[in-house]
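Look at the two complexes coming up: chain A is in both, with chain B in one and chain C in the other.
Here is the complex of A and B:
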């Protein structure tokens, strides 16, 4: 008979050992999955490390792949901190890309110093508005935000597809081959975001914006009244109500903030990477769902999201570079999922002490310390 | 997305071949007259496209009745679809044998995927929402289901054996009732039986009473001598089996070729349906067919050459899910027939 005892406080070594152990288990299970499908697990892993990080130019590509995950990861972490499950990072990023590419196309001819900030603002505003739909429904009509944000993902991709493939909108390239084969209209070359060359690798403008957002969110959650309110409302909504906190407004603000961050990711996708609205690529990329993995692995800490997004970006980048018959597309997602599942399961060992109970010890009541009574 | 484009292709073929010439869609081929009336066609295809939603939502209802929320429906459906596809391609025997084996495989694999959620939530005490999301991310359109499908080479050829409509005697030719009631495949008939059985189980059987007790007040159930953890394990896995069966409907009855993410978010709609149906099988049936109608409306209209934007029609089921959810979650509906009181909360005997 095994018995779980809630730990009163976590020893320091555990908070390092448990995540590392979880990652090791995830890699082990992943290796079994790879081996079962008839491929060499060790070779697969070493190719991932090589193409994701160590080979020439790999780190630049990894940072590019990490940028959208950084934004969606921050978006998920922001909302999840208050127990608001925004699964809509995907849709908010897509709508952000719609807004940013729209701004870039409309402002053709104006100076880049005006257009680039305008693209960022448009991306963030569209993302915030998209999340705002779910926020208003959740805050005032009590509608489950998990399902609404998810449904909005499908609506967002249909909207972007309509703009490029289903209509003759501003977003569609209507000249030359674009008439025959629908594709997004490119933003003016001058509006493409600049990047910084560090010698061995280049860092895109979007990645810097993402780091700035991570720092701003970290500070906001740590040392502002807004951050404090979100913590109280998340942990103890009734206490927050008695303290006179405006729960509805905070939900709206937080979800809009979360959506704005994801929308910035869309602006970065247009400005840094693709330079046009590409609904097909955005629909297949799955940035929003990967962002949830990033946020969970980073334990919702905005600064940790930066590091985790680089790791996940490396994985995604390697996946794209290696994709082929012996490296199917779903492998990266499978490894991400395994990392997530193992990390979640591993938490048990950090939170509980595992004891083997002697005969007749099944009835021992373990007093939980005050405040630790409820999970999560 | 991929699934819906494939559906559009099916619709185009349909339009070229004339009304009701496909064996996949339950459209009466001989009834003529009344039975090719647009309204009848819409109702019949609402039942057809509503069947996987109904199966998945019934499964999730069972799980949630025990107090466990499983957001992994989409992932479980995709895993079930992979299992069904593979079995249909590789199992031997007559057509019916193969299809039956494919459905069983889907149930088993869906149940196994749900078992992972059960282990995480009940044994490892992971938060239910986060664990369910993890299941969908792990098994979902960009994860394990896609990896398995690629490794097992499912997308290279269409599956040979499929669920064909069973014509009950000559009843399928009856006006109105024929296409609505007697022109469906095995899974649709099975889902009707399931609605009745689950209703009886929940509200008329001792075990069902125990299940509801566990979902409403696990501490009370525990004091009554009901094994809370065991009940939750059993119903979570059973719910996953039904989700897997729902996933099998896509390759076996709708599009006989694997494509990643072929369920197109229907698992999430099933989750919304449980709320819409107030955790009652008979109301979930009504909801499933309502959403089935929205899923098929586009195809039906396109097959009749009505000019409507594809993207708008594709958006309908998702849009309606939001609208319906808003109505259900406001005021009057919430006061009656609510969710199981312990839904989403863990039960730890020590923490009482």
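Here is the complex of A and C:
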């Protein structure tokens, strides 16, 4: 018999060892899967590393794939830290893209120094407002935010689809072929976000914004009164009420912040990558849902989200590049799934110590505590 | 041990409907909830089980209803030994129970709840008819098609009783049934019980209120610390005697007073006047409280739990809105329910549920020590926390209050009860409060920790803090308080000086009996 004993303190080394160990186990299991499918595991992995990170242009493409995941990962981590399950990163990103592209189109002719910040602000504001709907329902009417944020995702994608395919809105390209084959109207070329060339690879403006957001969130959660409040409310709302904290306002602020970060991801999608509102691509990409996985892998630590989003972006990028008869279809998806499962299982080792039964007093078998989400 | 002084009223040679013989029930950790409990319930009688909280009344009834299996002793139904392996066995033996917290499905109708747990197909119309028929027969009128959430608490209780009756319960156990009822509803309940006993059914009526026991019961058995203290016929029993049996201490053995070097002054630091407030279920929990606590003074509020103590503490702490009256802390009148106003006015608060209300259990000790003061300097500058200062403060306070823990980053939930309370008191007392409200501050602690907590309270009083101490533990109140206020059904029954306090009299007042008082002593 093996028993689990809750750790009194989580040693520091565990917070690094557990995720690294989880990744190693996931890769190992993945190798077995590849081998069982009749392929060479080592060769397959080296091809993934090559096309995902080391070959020419690969890292640039990986960062491009990672950028939206960085934003949605941060958005999910932000809300989850207080035990608020914002599943709506998807919709908040789409609405952010609507806002940012709208700002870009409306401000045509103005200087880029004005328009680019305006696009970012519009994206963040739209994302925040979209999440704010769920926040108000949750804080004042105690409506389950998982359901509302999920439903708002469908509203968002349909809204974007309507703007481009179902109406003659400002977002739709009404000139030339756009009349026959509906597509989004491009923002002026001058408003396309700049990027920085590092020689071997380039980094988009949006990625820098994402890193800045990650650092800001890390500091906010660690060292501000707001972060302190979210921790107390997330752990024990009664203690928060006892201390005189404004629980409802904090829920609203936190969900709006989470939505704003996802909305910035939408602005980055327009400014960095597509330069127009592309509902079809956004709907298929599933950035919001992938962001939940990223946040879980990063154990809700905003700084770790940066690394995890690059890892997941690299996998996605390599998967796309390597598609073909000699590359097991679905391998990348399998690996991503294994990573998630192994990381969540790894949590067990971070929280509990394994003891053989009968090993002294004070051994208590404990089920996972209710509401024990992953905490950074 | 059980000196049965009266014969069952309707026994007439037939065996008792329900008997307990030497029931002992132990729980892990060495708690003995029942020890050699004997009880005889005659057919057709209302038999009251009287005792303080924790006396073992609920454990005994759980043995009768098959939820617990006694470690020793036997249960007899109509003189024949029975062994219950599950609640179903007890139901089949004719024992029904109405719990203090109802076991009803809120979204189901009355009839559906009554039929719940029975085998066979649902027959809506037949079920509704049965509910109506039972209701008429016993005076338990309730609409069979109403949904539970639409009903008042009193009506929900009727549904519970109908449910037991529809399963042909011959012995009905009611656990503190009047705790949730208005006096009028309680009166109606008593007449229902009388109709049931007239048919030969028996009722076990669990209570800690003397006046009710007198009003409804034929005989009463007193439990204290898990043992039977005696069974009396209600007609022949003296309230004083019952109170003494229940509270259990010989007057001369009263708790020793902890002496203090300072005496209360005339400065009123905490005052309530005409305070009314609603409880969680909308019923009035505080019905006009007037109370003053002076500097250097400890006022103990004693009473059986559920008589408004929790609401009283919450009102003072700004966690519950008043519907009338004023609360003052020092010079400040609390304008609305906001813990921050109370805190700024100089109030410290040790809540009843220390680990989940007073503290955030999964957060480190250092965060919990900063829980109230994190908003302002020295722990914060603008929107930013000063983590180093928070750590320093934690280290200092842990040393000063002797908190035994691996370090300031240890999560609070892993601490022992005594250390949890020390963390809480360290935070609250280090804020140099004017007044302190402490609710059951030593409940569940070991002897050493109790000593520490009491010493901390005494030290605070010596420094001039006005302390309102709410406790069900009379010994604690007697050893700490300068004045004792007895609370009953949201009112202060009387305030007596510690030196004039008489345990028997306090016991009577706690049970709602103030007939021995000449006029209003306040």
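Here is the rule we use: the second predicted complex is superposed on the first by the 321 of 376 C-alpha atoms of A that agree within 3 Å, B and C clash if a C-alpha of one lies under 4 Å from a C-alpha of the other, contacts with A are read in each partner's own complex, and residues count from 1 in each chain.
The rule is simple: contacts are C-beta pairs under 8 Å (C-beta built on N, C-alpha and C of every residue); 3 or more make two chains touch, one makes a residue touch a chain.
Being a predicted model, the structure only gives us computed values, none of them experimental.
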item: Contacts of A:328 with chain B and chain C, given as first, second, both or neither; value: first
item: Which of chain B and chain C A:154 touches, first, second, both or neither; value: first
item: Which superposed partner A:21 touches (first chain B, second chain C, both, neither); value: neither
item: Touching partner for A:293 - first (chain B), second (chain C), both, neither; value: first
item: Dominant contact partner of chain A by residue count, chain C or chain B; value: B
item: Which of chain B and chain C A:307 touches, first, second, both or neither; value: neither
item: Partner chain in contact with A:137 - chain B first, chain C second, else both or neither; value: first
item: Contacts of A:244 with chain B and chain C, given as first, second, both or neither; value: second
item: Intersection of the chain A residues that touch chain B with those that touch chain C; value: 6
item: Parts of chain B lying in touch with chain A, wherever the complex brings them together; value: 1, 71, 116, 119-120, 124-127, 129-131, 133-152, 260, 264-265, 268, 271-272, 275, 309-312, 314-315, 318-319, 321-322, 325-326, 329-330, 334, 346, 348, 350-351
item: Residue ranges of chain A touching chain C (in the complex, touch as defined); value: 6, 8-9, 222-228, 231-232, 235-236, 238-244
item: Residues of chain C that touch chain A when the two form their complex; value: 317-319, 338-340, 343, 349, 351, 353, 356-363, 367, 370-372, 374-375, 380, 383-385, 387, 406-407, 409-411, 414
item: Residue numbers on chain A that touch chain B, as the complex places them; value: 4, 6, 33, 37-38, 85, 87, 137, 141-144, 146-148, 150-155, 157-159, 161-162, 165-167, 283, 286, 289-290, 292-293, 296, 328-334, 336-338, 340-341, 344-345, 347-348, 351-352, 365-366, 368, 373-376
